[in-house]
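The following pair of complexes shares a single chain, subunit A, combined with subunit B in the former and subunit C in the latter.
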Partner chain A sequence: MLYDALIAPFVEFEFMRRALAGIVALSIGAAPIGVFLMLRRMSLVGDAMAHAILPGAALGFLVSGLNLFAMTFGGLIAGFTVALASGLVARSTETKEDSSLAAFYLISLAVGVTVVSIRGTNIDLLHVLFGNILALDDTTLLVITFNATITLMVLAAIYRPLVIECVDPLFLRTVSRAGGPAHLAFLALVVINLVNGFHALGTLLAVGLLVLPAGIAQFWTRDLSPMIAFAIGAALIAGYGGLVLSFHTKVPSGPAVILIAAVLYVGSVLFGRVGGLIQRLFPGKHLEA
Partner chain B sequence: MLMPPDILQFDDVTFGYDRHPAVHHLAGKIRSGALIAVVGPNGAGKSTLLRGIVGLLKPLSGTIQRHGLNPRDIAYLPQSAEIDRTFPMSVFDFVASGLWRSTGIFGGIGGKSRARIAKALGDVSLTGFENRPIGTLSGGQTQRMLFARVLLQDARMIVLDEPFNALDSKTSVDLLNLVLHWQAEGRTVLAALHDMEMVRAHFPETLLLARGLVGWGPTAQVLTDDNLATARQMCEAFDTGAAACEAATPSRAA
Partner chain C sequence: MIRTLMLAAALLVGSVLPMHADADKRINVVTSFSILADFAKNVGGDRVQVSSLVGPNGDSHVYTPTPADVKAIGEAAVVIVNGWGFEGWLNRLAASARNSSRGGKITIVEATKNIPALKDNDPHDHDHGHHHAGEIDPHAWQSVENAKIYVQNIRDALIKADPEGATAYRANGDAYVARLDALDREVQAAVASIPKARRKVISSHDAFGYFASRYGIAFLSPQGVSTDSEPSARDVAAIIRQIKSEKIPAVFMENISDPRLMNRIASETGAKVGGTLYTDSLTDENGPAPTYIAMVRHNIKALTSALAD
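On to the complex of A and B.
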């Protein structure tokens, strides 16, 4: 019974195994990035960036139809352009990064919608907006895995300056020049993971696997490394659960994954060990010291 | 007696923001091993000067000669509250970032470094706090932790911006003793301070600022009633229609 519900779909159907492999790779790359987005108070930046990659993907689509490489490449270019432009404007003028990003992503989104509406059909638009993780072919799977690998390698390289820049940016500026490059590399990783999520979940939900697992993790630990591990775990559970849910019901796979993540999130808000609602309402007797 | 060499020299330096000067035409030298209090009313340009010294702010005009001292060899402690205390990080890890010069981006933290970190935490009386999240420390403990990081930076020059603000007397005394110890070790220390009694008692040299130099030299000669009155009358106005500065000479040389 339980076997039929939870394991059989993956034993019987290759497309489910592919989807599972894709979502595992996606989770391992996206969740740590999401944790840093959250700690840098940039969760909504992830959302803005997801919109920013639309015109690039749309241009790729315009040039060569539903071609994966063209759309990925276009999305990366658009995302990098917006990330770099807003990062540079924020660092070289007195504008704060949130406002410069808002300006650039809106420009990008307007261009994207224009491009899609000039040529796309409604079906194309649906694919772009919601993705389809149940239809991953070999190349897509390879691209997703490659991107996740790159993410982990680059994150390992910039980990220390990234952490110090979060805690004490001024200190980092006085001891090293690594802060700027690390920040830009981090924005690049955000873009790469959004493009990754784009294939599986579409532009609207791509940011979900970055932001929700991080939001879940912060309710369970106060330490960075466990927080990253928790986030990856939450993303994996959401991914697997979403696929199972989608298989047994009519819920499309992308929203199903995010819905499961949302359930975990609400559960964490309520029952989380670190600052969850229940724990706040009923903290127990105070300690001796 | 042989004079110690200069570690830093200001040649008619003006620091400010957006062409508006905050410290006008400063000239003078800082000798290696000096212990200098930077004193002046709020808005006198103390923080601006310190930011200029550590290289966070470029001069609007004039130059700073560092005589081979890289700005990255200067340990700088800005006014508190600039760190994100909500970040999930332990006191140990935070303090360990002071070892950046030796570890860089990839270097590991071995047994020797761990011993140094333990000693630094001991020196600021934070032994036992290693695994506490930084967000759970009190204001005084946070300042002690920041001093521990400065200790690990092992810098030739140390620049402190109002390091004893809002601290109780025990914490102030403990941290002041560290500052005096740094000077005894031959390091050059600059500290922006408000407590004139502390300056008179412990700082041999004083730099009195009021958007320009009012006086710079032995503390007793600088902190005179006349000089302090002059500093108090400093104009805090920020004239948006100010004309370009034509002053040719430094406000006063040391």
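On to the complex of A and C.
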């Protein structure tokens, strides 16, 4: 019974196994990035970046159809351009990062929509908005796992300055010049993971695997390494749970994954050990324990 | 200067008027959708001016009539419809046209007269609002044999509306029916070239009942699949299971418009992904199915190339 519900779908259908492999790779790459986004109070930046990527992916789509590399490349270019431009403007002028990013992603979005409507709108463009985790072919899987690997490697390289900048940016500036480059590299990782996500979940929901697992993890621990582990775990549970949910109900897979993550998030808000609502309302019990 | 202008105007009027007179001789025929319009054009030839309420690429099931349609119906010598509830919006349109037209007399001809009706016995078709299990399947034109009866009905209607043209309508009708006969044989020959065991497809179309019973290609509907919106993992799994268990060689699913997903299903089952099938409407001039004959040829080509070994 439990076997039928939880394991049989993956044994019987190759597309389910591929979806699971894709979601695992996505989770391992995106969840740590999400944690750093959250610690740097940039969770909404992820959302803005997703909008910034859309025009690039749409342009790639217009040039060569549903071509994986054209769309990835277009998305990366658009995302990098917006990330770098807003980062540079924020660091070299008095503008704050959030307003420069908002300005640049809106410019990117407007340019993208203009180009798309000049070339004639296409319903297929909706597939860019809503990727499909059930349709991962070999190359898409390879691209996703490749991007996840790159993410982990770069993250390992910039881990130290990134953490220090989260905690004490002034201290980092006094001891090292790595803050700027690390920040830019981090933004690049955000873009890579969003592009990764839109193959599987679409541009609109790709942010979900970045932001929600980190949001869940912060309710369970205050330490960074366990928090990253928690986030990855939450993303994996949401991914697996979402696929199973989509298999047994009529919920489309992408939204199903994010819905499971949302349920975990609400549960964490209520029952989380660190600052969860119940723990805040009845702190005594926890102190005794 | 003024004199020249007036002269020019007079010349213009003079040159335009005779054309008007010519155009007025043609009788106005209004059809409900583009396939009927194609039949009417072929039978009527130069003597009729055919317009279609639902144009090429339009969906007759969900059409919403406009005030211009009321006017068109009011001015038409004859209105040709499919009948059998295909044009659900027709009765109200005709009523308002009767109220507003001068004589209040509008001739509506059902082109499916004398065609043996098939019951729509597809129990899975609960997502379309237009017809339910047990009702008559209105898509009779998908069998070329029936198309000949359509043409005969239209010919009779035109003769009634314009008796002077009877000989022309008969000649045109006979010539067109001869072409349809040839088309019918063409389709049968094409189906005969497909091995018997491979004559079945999964299709989200519900319009091929008559085609299936005339030519012997089974159209199985995808079971338990909601045809709107994004398919869930369950939908995809159901399609894959069905293709495997019934050994179906090809899939025609327009509702799953994501080519990546169709390719995934194809590579997981070994079934081929078929192209577009045209059912309820012709395409415009530049499309692959600007006429009825072109539409049938397009469909049979899509089917044979997907079902061939």
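For the reader, a short list of remarks on this structure follows.
Going forward, the second predicted complex is superposed on the first by the 275 of 289 C-alpha atoms of A that agree within 3 Å, B and C clash if a C-alpha of one lies under 4 Å from a C-alpha of the other, contacts with A are read in each partner's own complex, and residues count from 1 in each chain.
The rule we apply is simple: a residue touches a chain if its C-beta (ideal position, glycine included) is under 8 Å from a C-beta of that chain, and two chains touch if they have at least 3 such contacts.
The shown structure was predicted, so the numbers you read here are calculated from the model rather than taken from an experiment.
Once the two complexes are overlaid on the shared chain, A:31 sits clear of subunit B and of subunit C alike.
Of the two partner chains, neither subunit B nor subunit C is touched by A:200. In the superposed model, A:210 makes contact with neither subunit B nor subunit C.
Contacts of A:236 after superposition on the shared chain: neither subunit B nor subunit C is touched.
Contacts of A:160 after superposition: subunit B is touched, whereas subunit C is not reached. Counting the residues of subunit A that each partner touches, subunit B and subunit C differ, and the larger count belongs to C. Once the two complexes are overlaid on the shared chain, A:174 sits against subunit B while remaining clear of subunit C.
Shared-chain residue A:191: touches no atom of subunit B or subunit C. By the document's definition of touching, neither partner reaches A:264: not subunit B, not subunit C.
No residue of subunit A contacts both subunit B in one complex and subunit C in the other. The residues of subunit B lying in touch with subunit A in their complex are 54-56, 71-72, 74-76, 78, 82-84, 87-90, 94, 97, 100-101, 103-106, 133-135, 149, 153. Remark: subunit C residues 226, 229-237, 240, 257-261, 263-265, 267-268 touch subunit A in the complex.
The residues of subunit A lying in touch with subunit B in their complex are 39, 157-158, 160-161, 163-164, 166-168, 170-171, 173-176, 178, 218, 221-224, 227.
For subunit A in complex with subunit C, the residues that touch the partner chain are 9, 12-16, 18-19, 66, 123-124, 127, 130, 132, 134-137, 243, 246-254, 256.
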